[in-house]
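The following pair of complexes shares a single chain, chain A, combined with chain B in the former and chain C in the latter.
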Partner chain A sequence: MTDSIFAYAGQILRVDLSSGKTWTEPFEAEDRRKWIGGTGLGAKILWKEVPPEAGWDHPENRLVMATGPLAGLPVWGTGGLTVVTRGALTNGATNTQANGFFGANLKCCGFDAIVIQGQSPEWVYLHVHSDGVELRDASSLLGKDTWQTQQALEEVTALNGHNLSVYSIGPAGENLVRFAAIQGDYGHVASKNGCGAVMGKKKLKAVAIERGKKGIAAAHPRALYAAADEIAHNLKTDASTRGLYLFGTLGGVRNLYGMGALPIRNYTTNVWPEDVDTKKWEGKNLREGFDHRGHQCSACGMHHCHMLVIGSGRHKGEVVDEPEYEGWSGAGWAIGATEPSEVAWLNDRLDRACVDVNEFGWLCGWVMECQQKGYLSDKDLGFRLEWGDVEGANRLLQMIYRREGLGDLLAEGVKRAAEKLGGEAADCAIYTEIGNTPRGHDHRSRWEEMLDTCTGSGGTLDTAPPVQPTEFGLPARIEPQDPEAVPKQVGVLRGRRTFEDSLGACAFTTRVSMHVLCRSVEAATGWDFRMEEAIRNGRRTAALLRAFNLRCGIGPELEKPSKRYCSTPVNGPVAGVSISDHWEKMLDIWYETVGYDRKTGRPTPETLRSLELEEVIESLWGAEVKT
Partner chain B sequence: MKVLKIIPDRCTGCMRCDLACSYEQTGTFQPSKSVIRISSFEGHTSYAPYTCLQCDEAWCLTACPVEAIGISPVGAKVVADDICVGCKLCTIACPYGTMFYDIDTHKAVKCDLCGGKPACVEVCPTEAIVYEDAEQADWVGPFAAERTKAPAGPLAGVS
Partner chain C sequence: MQMSEPVFKVNVELMAWATVFVGGDGSDRKNAEVDAFSGDTVRAVLKRLSARHPDLDKALWHEGTDSLSEHLEIAVNDALLGIHHTLESEVKAGDTILLMGQFMGG
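Let's turn to the complex of A and B:
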C-alpha cells in the first residue's frame, strides 16, 4: 500500500477467464474521487468496456465485484459488495448489493474491486489472497448449493469463520436461470437482474477471498471513529431507524401490511386470511419464534442479520439464515405461505439455489394464481400447486433451477414466461416492461417505489425510500399516493442511494444524515467532502447507468408497469385507488425534476455537463450538441 | 484488579474488535496484526473471541529464556520488544494460543490491555468483551465452567 492512499487499497484486480490471465491496474486518485467505488466504479467500467452488441451472455460483458472506501473500516455494516454487470433479465445495467465480509477481506488482500471478463472454457473459481490470485478447477463444486460451496472451500483452504469469504452461485446460476443471484458468507445475496446467470455464463462458480494480511489506512482515524460512533448513535436512537437497529427488516411485515404494501397472493388481495396468527408476524415475535443468534456483517452493531434454527415441523433442527423482509414476503406472503418456520425454510432453499427471492415470489405466486383460475393445468405444470404450498414451491424451484419441464420457461423470469403464455395468464403477472420485477412490496400503495422501479437503470429501484428528505429541502413526509409530490420526491432524492452504493457500506447503516455520512468519508479518505459533492457523484453514476441502458436500446417506452403491477387494489387500505390514471403525469414531473429529456429518456446535455459527463454528451446526442 | 471478560454468547462475529486491536498495534486497520481473534463454530451460528486473559500462571513469562515478558502497572503481561529475540517459545508455552508471533517484526506480540483502556471493549457493539473488576485474574467465566462440568458426546460420563 502506498502511504498516500487512504481508505482504498489502490488497485483493481482484472481477470480474463477466456485466457486465464490475471493482472492488476491502479485505481487512480482522479477516478477514486470521481467515481468513489462500488456502483460508481462499476458504471464507469460498463460504459467504457461493454459495447451495445455485447449482451449479458457475451464474453465481453464485465462482471464487476466492487467495494468502496468505507469497506474494511470500523463504520457499521461495511463489508460491502456491489455487483455491476449487464444483467440477464433486462439485458441492461445491474446494480445490486450484498454484505457480509467481501469488501473487508478484499481490501486486506490489496484490491478495491475485481473486474471479470471473458468466459472460461472449464468451470473455475477465483481464489484471492494477499500474495496472489489463482483460478482453480471448480469441477468438484458443480451442483453444490451456495452454502455447500462455501463449506467445501473452507475445507480445501483449512480456513473458517470470516477468514474466508466466499461468494458463489448455486445450481440456478450454473443453469443460467435469468434471475440467478450471487450469494455469499451464508445468507448475503446480490440478487438483482440475474447477476448470477452472468457468473454462470462465465463458468465462474465462486470467488473465495481470504482475510488478507494488508492494512487499510484512514486519513483521520480518530475522526473516523467519532463519525462511526455518531452513525451508530443515530441508528440506535432515531425513530426512523430504531426498529431496523433492533430487529433488522422484520418489522416490515406488519408495518407494510398497515399501509397496504404487503403483497399477498400475487396482488390479488390486501387483507390477510382470517386464520393467520398475525401476532407471530410482529418483528420481535418473528425473531423470538426461533432459536436465533447474531450473524453480523463486517464491523456492524445492528441486530439485523441472524442465524435461526427451525424449531418445528418437517425441517426441525435445520439452520437457516433469518429471512429479510423480502424473504418473508417473496417466499411467504406473495405465494400465500403464512407459517414463519416454513417460509424461513423456503427462503433458505432459494438462497442456497441462488435465485432472487422477489422474482421467485412473483413467479410462483403467478403460477399458483394461474392454476387456481385454470390458465395453467396440472398437466402443464406436472402437479398441483395451491396457495401457500411451501413444499410445492420448493418443487417448482427445483424445476426452475434444473430447467425441467415448465421450469425451463419459468427460468426465463416473469416477463418472458408471461409473454410466452399470453392471454389472461399474462394479465396476472407482475413485472415491468424493462424486464425486472419489483422488490417484495405491493407498490400499488407505494407509488414512489413503482415509479422508481420502472425508471430505474440498475435492474431494480435506483432511489429507494427517502432517508431524511428534509436535508434535500423536501417535506418530511408526503402522501404515498400523491401524484405530484411522489415523482418530485423520487426525482429530488435521485443520487443519494447510488452514492451510498458506491461506499462499500450497507444501505441500512447509511440511513443517517448525509452530513454525518460525508464526515465518515472525509475522515476515511482525507478529502474535503460535502453533501453537495456526494449527491453530484450519485447523480453522475445514475446518469451514466441510464446512458448505458439507452445505448443498449432500453428506452423510456419500456418504463411502465405490467397490467397487474399497476392494477387497482380491490380491498385493504388503498382499495379503489389507482396509479394508472396519473402515470404519464408522474413521469412528466419526474423527468423534469431529474433533468432528463422526456421524449428520448436521455439526460439532457445541460444535466450531463453539470455532472462532468461531457464525454457522454456526444455519444447520446451527437457531435454537434457537444459544443 | 480489572480483567478482560469475554462472553461468547453475546458475540455476533462482526470483527470490530480485531479491527480496533489492529489499529492500536499498527495505526491502520489490519486484522492480521490483531491480538484478539474470533473463532466461529457450528456453521457460523456462534462465535467466540479469544485473547490473552492475563492468567496468573503466565507460562509465557516463565518460558521466555531472555526475560522479555514482564507485568505492566495494569496487570498485563507485556513483551519488551527490545529484549525479545523472536524464539517463539512463549507461543508454544501459552496453553490458550493467545501469544502471537509477528512475521514482519520477528517479535512475540500479545494483548497488553491497551495500557488499561482496551480498544476491543470500547468498540464491541454487543458488550461481548467487558473490562471489569474481578477477584482473580484468570477468570474463565461460566461458559468454560459449563463446558467442563458435563462432557457430551464420546466423553459423556467420563470424569
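Let's turn to the complex of A and C:
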C-alpha cells in the first residue's frame, strides 16, 4: 500500500484457474472513486470482461469476491464480502453479500478484491495470506460440507476465529445445483443466483484468507471514529433498528406475520395453524429459547449473529448457526414447519450443503403442495413429503445436492422444475420470469419488494426496504398496497442499496442516515463525499448491471411474477387484495422514475450520461445516439 | 370548551417489538383501551394514545408531524391500513387497531 491510499489496499488479486496463474493489478484512484468497491467494482468487471456468449458456466465468466472502503476499519459490521458474477439461475448478473471476516482479512492481506476466471482442471482452493497467494489441491476436501471444509482448513493452517476466514461450497456447489450458495465463517452466506454453482464449475472448493498483517489507514481517523460512533448510536436508539440491534432479524417472523408478509405453506394461507405457540416466534423469545454463543462479525457490536445450542428434541445438544429471519422463513414457515429447534437444524443443513434457503423453501413448499394436491405422486418423488416434515425436507435436500432421482430436476431451481412439470403444478410455483425467486416474504403484502424482485438486475432485490426515505424527499411511510406510491418509492430509492453493497459493510449496520454513512466514507477515504455522489454512484452501478443483463438477453418481457407469486391472498391482513390489476401501471411509473425506457428496458441515453456511463450508450443504443 | 364524554372505547393492541414503546420488553402484547368520541378517526385515536407515551409518539409519527413514520405498521380489524381504513376513517365501537414493528427481515 502506498502512503497516499486511504481506506483501500489499492490492489486487486487476479486468479486464472485454467492456467493456475495469479497476479495483481492496481485498483486505480479513478476507479475507486467511480465504483467504490464491492458491487460497483464487480459490475464494472462483469461489463468489461464477460461477453454475452460466456454464460454462467463458461470459463470466461468471472467470480468477483470484493470488499469495500469500510472493510477492516472500526465501523460496525465491516467484514463484508460482495460476490458478483453471472449467476446460474438467471444466467445474468448476480449481486449477493455476506459478512464474517472475509473483507477485513482480505484488506489486511493487501487486496480489495479477488477476480477469479477460468476453470481449474482439478479441484483446488485458494489460500491468501500476507506473504503470498497459493492455489492448493482440494481433493481431500471434496464431499465435505461447508463447516467441515472450514474445520479442515483451520487444521491445515493452525488458525481459527477471525484469524482465518473461509468461504467455501458444499456438495450442492460441487454438483452444480443452480441455487448453490457460497457459505463462510460458520453461517454467513452469499446466497443468491447460484454463485456457488459458478464456483463449483470453476472447481474452486474454497477461498481461505488469513488475517493479514498489512495496515488499513483512514484519512481522518478521529472523524472516522466519530462517524462510527454515530452509526452505532443510531442503530442502538432508532425506533426501527433498535430491535435489530438487540435481536438481529428474529423479530421479523412476528412482525411480518402481522402484516401478512410471512410466507406460510407456499403462499396457500396467511394464517398460521391454531396449534402454533405464537409467543415462541417473537424475536425476544426466539433468542431466549436457546442457549447462545456470540458470533459477531468483524468490528460489530450488534447482538445479531449467534450460534445456538439446540436444547430439546432429536437434535438436542447440536450447535448450529442461529437462523436469520430468512432461515426461519425458508426452512420453516414456507414449508409448514413450526417447531423452532427443528427449523434451526434444517437451516443449518442447508447452510452446510450450501443452498440458498429462500429458493429451497419455495422449492420444498411447492413439492409439498404438489404432493398434497396429487400433481406429484409418491412414486415420482420416491417418498411422501407432508407439510412441516423437516426430516423429509432434509431427505429432499440430499436428493437435490446429490442430483438423485427427481432431485436432479429440482436442482435446476423452482422455475425450471415448474416449467418441466407444467400444468396445474406449474401454477403453484413461486418465481419470477427472469428465473430467480423472492426473499423469504409473502410479497403479496409488500408490493415494493415484488416490484423490486422482478425488476432487479442482481438476482434478488436491487433496492430493498426503505431506510429513512425522507432523506430522498419521500414520505416517511406509504401504504404498502398503493399502486402509485409504491413504484415511485422503489424508483426514487434506487441506488442506495447498491451503494451500501459497495462499501464492504453489512446491510444491517448501514440502515442509518445516508449523511452519516457518507461521513464515514469521507473520513475513511479523505474524499469530499456527499449523499448526492453516493446515490449517483449506486444508480450508476445499478444501471450497469441492467445493461449487462440486457446484453445477455434478459429484457423487460421477463419482469413479471409467476401466477402464484402474484396471486390474491385468500385470508390474513391483505385478503382479497391483488397486485395483478396494477402491475403494468406500476411498471410504467417505476420506469419513468428511474429514467429507463419502458419498451426496451434500457436506461435512456440521458440517464446514462447523467451517470457518466457514456461508454454504455453505444453498446445499448447504437453509435448514432452517442453524441 | 367543555369536552364531551367519550362514547365508546377502541382497543389498540401493541404486538411484540411494538410493546417497547409503551414500557414493555419487546415480547407478548399490550392492550390499551382508548377513549373515542363520535366522529373520531383512526388518527385521532392513535394521537390520543401516543400523547400518553412519548416513545410511542416518537416512533409512530414522523418528527412531531401528523404523518406516520416508517417505524411501525398498522392494521385495523386485522386488515392493513390502506385496505379498508385510512388514518381518516371513522372508528367504531369494537374496532381494534394493531401496531407492530416495521421490519422486513434479512
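In this section, the second predicted complex is superposed on the first by the 627 of 627 C-alpha atoms of A that agree within 3 Å, B and C clash if a C-alpha of one lies under 4 Å from a C-alpha of the other, contacts with A are read in each partner's own complex, and residues count from 1 in each chain.
Methods note: a contact is a pair of C-beta atoms (placed from the backbone, for glycine too) under 8 Å apart; a residue touches a chain by one contact, two chains touch by 3 or more.
Owing to the predicted nature of the structure, the values given are computational and were not obtained by experimental measurement.
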| item | value |
| --- | --- |
| When chain B and chain C are modelled together on chain A, clash or fit | fit |
| Partner chain(s) touched by A:P74 [first = chain B, second = chain C, both, neither] | first |
| Greater chain A contact set [chain C / chain B] | C |
| Contacts of A:G161 with chain B and chain C, given as first, second, both or neither | first |
| Chain B versus chain C as contact partner of A:E324, first or second or both or neither | second |
| Partner chain in contact with A:Q296 - chain B first, chain C second, else both or neither | first |
| Which superposed partner A:K214 touches (first chain B, second chain C, both, neither) | first |
| Chain B versus chain C as contact partner of A:R242, first or second or both or neither | second |
| First, second, both or neither for A:G526, with chain B first and chain C second | neither |
| Which superposed partner A:A232 touches (first chain B, second chain C, both, neither) | first |
| Spatial angle chain C-chain A-chain B, Cα centroids [nearest 10 degrees] | 90 |
| Partner chain(s) touched by A:G405 [first = chain B, second = chain C, both, neither] | neither |
| Overlay on chain A, chain C to chain B nearest C-alpha distance, Å | 20 |
| Doubly contacted residues of chain A, that is, touched by chain B and again by chain C | none |
| Chain C contact footprint on chain A (complex, rising order) | 238-240, 242-244, 246-247, 249, 251-252, 254-256, 258-260, 279, 282-285, 324-326, 329, 439-441, 445-446, 449, 464-466, 468-470, 475-477, 479-482, 507-508, 572-575, 577 |
| Chain B-touching residues of chain A, taken from the complex the two chains share | 72-74, 76, 101, 104, 108, 130, 151, 160-162, 185-186, 211-218, 221, 225, 232, 293-301, 307, 309, 319 |
| Touching residues on chain B, where the partner in the complex is chain A | 11-16, 19-20, 22-23, 26-33, 38-40, 42-47, 123, 125-126 |
| Residues of chain C that touch chain A when the two form their complex | 15-17, 20-21, 25-28, 55, 58-59, 62, 67-73, 75, 78-83, 86, 98, 100-106 |
